[in-house]
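Below: a set of structures, written as structure tokens.
Okay, so chain A shows up in both of these, paired with chain B first and chain C after.
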Partner chain A sequence: MDTVAPPPRFDPRGLVELDERVPGTAAIDGDRGSFDARDLTTRQINLELRRLVYELGVREVTVRNPGAKHSLGVGILARCRITFEGSLGYFACGLIDGPEVHVTGRVGWSACENMMSGVCVIEGNAGSLTAAALRGGDVVVRGRVGARTGIDQKGGTVIVLGDAGSMTGFMMQRGRQIICGDAGHGLGDSMYDGTLYVGGKVASLGIDCVPGEWTEADTEFIARKFSIYGLGSPPELQKFVCGKKLYNYDSLEPSERKLVL
Partner chain B sequence: MCGIAGIIYRNGNGAHRLGADMTRMLQSMKHRGPDSTGYALYRRPGDELIMRIKLADGGNDDLEWADRLRRRREEVKARIRAAGGRLPVLDEINEYTIAATVDYDGEIKHLADYVESVPGTEVLSAGSALEIVKDLGDAQTVGSAYKLDAYVGTHGIGHVRMATESDVDISNAHPYWAYPFSDVAVVHNGQLTNYHRWRRRLERLGHRFASDCDSEVIAVYLAQRMQDGASLEDAMRMSLEDLDGVFTYICVSDDALGMAKDELAAKPLVLYEGDDMVVLASEEIAIRAVIDREIETYDPYESEVMVWTR
Partner chain C sequence: MTDTVSEAQPSGQARPEVERQGQNAGQDAPRRTSITIDAEYLSGHRFPYQEDMSLVEGVDLLAATPGQDINWLEDVELLEEDGVPAVFDRYSNSFLKIYFPIPEGREDEIARKVLIKHLHSGNSYGIALKERHCKFPQPELGPWLEGSRTVGADWTTPVLEGWEPPQH
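Right, the complex of A and B next:
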């Protein structure tokens, strides 16, 4: 009797999903690979991506016809180049650490959520909650973004060439955002730290978000980012930071504070 | 969560596979709400009034079920006649749903109220172009049960429901007809926090509510505003001020389709505006279910109201 090895039940890196087979349809040429995602499910696309990047060491992957499916390119933890020829749905490229991603279409809500490092360049528009809880790396959107871009941002840089919706930089804690177009109501509401640059009109500032003082370092930083991504010369920008009036920034614990008093 | 979708063909000759397109869109958003699926479908307005009437909420296997429905059907027919409707043609869609085509030029409220006084019945929609179809299950289930694949029309909206505020049954499924306004229907994604206040207010003005679902208040609210003389677009703009909570809703009339988004932009909507059609849905994946090519789409911002005509 043939004995079939049972599939591994658990993989701490999440690289094996029990009820789906890797399609293995990619055409590979050296360290480049590409495949058509039209007839594949979300899970199959991600498994194929991981097979190429992790198992075969492919360094440049092109995914054709992603068809705005959700959760593509999530959790890739290796240095590689991934190009999506088309649009992605919700939760695109979340939790990535290392890849350089290029999306030729648009992305839905929550793209690059909790991204750790790497680059994600989106040619089209992006939905709300873009780069939510971003930890590091650069997210470049050539179109416009929805509301709450970089909510809870903890690092990294978001560059938006178009307009941004309301509550941009909501509860931001660190990192930078460069919005070349207009920003909606409540810009930087309840931000703790970090910097927002806006080129267009600001509909209204959020609570405790105040204009900041421009320095040489700002000019240098913006010029560097624009040259890296070939975005031309940056527009004239206003700078906004946290006023630090809303919260108690005393770093002492309550018990320690008692001792001081 | 819920998913909403709408489609309006720019070439309004009415020869579009609306039913099949809507089913594809709604099925691709099944993950947003598997409880029930609903459609508001429009064809070119005719001279007669079309009413979709529900005789009971879903199937039942008690012994007198079939008999009771037969009696209700007869009673509905008699009451349409008694209310002044001429030549009613009753099309039995399934055992508990009928489509009545009536030659009627009186007030729709009068006719609808009279039909609804038959116990257990509900007028799902009334108008010269509108038909509302809603039932439990996903889009494929509802679409095939109601034979929507062959439905041709000019524009329509749809909804997949994940029930949060009220029961899972046909009455609580979307779309809602803006009773008693002919040819106006609404689908909604979100929660309204001042629902009870508006419901009491509108009930005092004589409007009837067929369900406990907060979304129904949007339809009735718009009906009241339009009765007061506002256009569809103006009524939708007023709703941004008057309704509290989080919402994105799509409202349709016999020649227009509009969307409104609350001031928090908390609920999604993706828009595609092409030369041949305007398609909008909670997720782009639904738009791509009817347009099989790379397209440019965007999300409307907070407090936006947009209206397209066919």
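Right, the complex of A and C next:
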């Protein structure tokens, strides 16, 4: 007798690993917790993180051996400190609002995409699309970043100590980027607003990206951020802004204006 | 969207952008539409901290934000909506108007304090939506306040009454 396979299960929220349970393996000491992620799946790691931060009120979490798994530390919406001892894969720490994250290794594509607030310090290199659609907070990359860093950025600050790839700041709408090394072709292409600072050579400027006038506010801002993150003395930086020839907010409908605030 | 707030505004000012829809003109209960949405429109009333600066003076912006500076508030500045000073609440996609005189040189600081007071108070319309619609467990009052209760732990798929799944 043939058996009929049950229909595939579906979660409208897009969850995979539907039956995953919280591993509950973390060691907790006061408001600190840590766990080894080596044998855990992506969802198990994120469930354990949420259990510690949301349910147990742990304020400092250390995740050992993250193994460059993708989508770790996403959607954490609380004030806490999270340290990943190792490297992370794609979409690390996206959609966060509040955490202060420290990654001791590297990260793949799209780290900190759609980050609302908080801090993310990455000791190594970061892939393309770092801080895509960043809304607020600080993303600090001590290594280099790939292409399209801060694409569609709507706020916040990206600091890169090394070089940045092509199309950095593509379609940037607000916020700031400090690139201490060289920047690839098409810097600030089609940007609406925001500020780009570059310490090294710029291969070429993108459409409507023009040199900006340096002010005291720029000096204060750069000095403050370098001091906070212990980055030493800032290099001599060039400032770039939007030339406002291609787009400007005055022509936008009110509803569109709100999308970039 | 039906406009019900213009009568609720303490100042009695009519919203300049409110207009009567043609198909309802002349009926007993005219339907009105608005092209802008602000916080008091969504809630139906003003909040005291929109009118009294002393209620926001004590807000500690550094304590309210992650990191060693004001973090995401760096991008929040005093704007204007309907000719009134206002701060944008990104958590409800609406403007929060400020009716008290703002001292010169403190525009952005006051705007940030009013916004944080609004978020701390749980009055942001986005917070009300969380209770009803959020799909994953999260702190009700977001990262701005310690000890907030968790909402979204019991989300279930909404069911449309009378709908039957297709036969294919």
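Convention: the second predicted complex is superposed on the first by the 229 of 261 C-alpha atoms of A that agree within 3 Å, B and C clash if a C-alpha of one lies under 4 Å from a C-alpha of the other, contacts with A are read in each partner's own complex, and residues count from 1 in each chain.
Quick note on the criterion: a residue touches a chain if its C-beta (ideal position, glycine included) is under 8 Å from a C-beta of that chain, and two chains touch if they have at least 3 such contacts.
In this text the structure is predicted, and so the values were computed from the model without any measurement.
What is the contact status of A:109 with respect to chain B (first) and chain C (second): first, second, both, or neither?
first
Quick check on the superposed pair: does A:185 touch chain B, chain C, both, or neither? Answer first, second, both or neither.
The answer is first: A:185 touches chain B but not chain C.
Contact-wise, after the overlay, does A:165 reach chain B, chain C, both or neither (first, second, both, neither)?
In the superposed model, A:165 contacts chain B only, not chain C.
Mind working out whether A:125 is in touch with chain B, chain C, both or neither, as first, second, both or neither?
first
After superposition on the shared chain, which partner residues are touched by A:86: those of chain B (first), chain C (second), both, or neither?
Once the two structures are laid over each other on A, A:86 reaches chain B alone.
Within the complex, which stretch of chain C touches chain A?
35-36, 65-69, 71-75, 79, 88, 90, 93, 135-139, 142-143, 146, 150, 155, 157
Please give the residue numbers of chain A that touch chain C in the complex, ascending.
Interface residues on the chain A side: 12-13, 50, 54-55, 75, 77-79, 97-100, 116-119, 135-138, 155-157, 174-175, 224, 228, 254, 258, 261.
In the complex, go through chain A and note every residue touching chain B.
67-70, 86-87, 89-90, 104-106, 108-109, 124-125, 127-128, 143-144, 146-148, 165-166, 184-185
Within their complex, state which residues of chain B touch chain A.
It is residues 263-265, 268, 270, 283-285, 287-288, 294-299, 301-302 of chain B that touch chain A.
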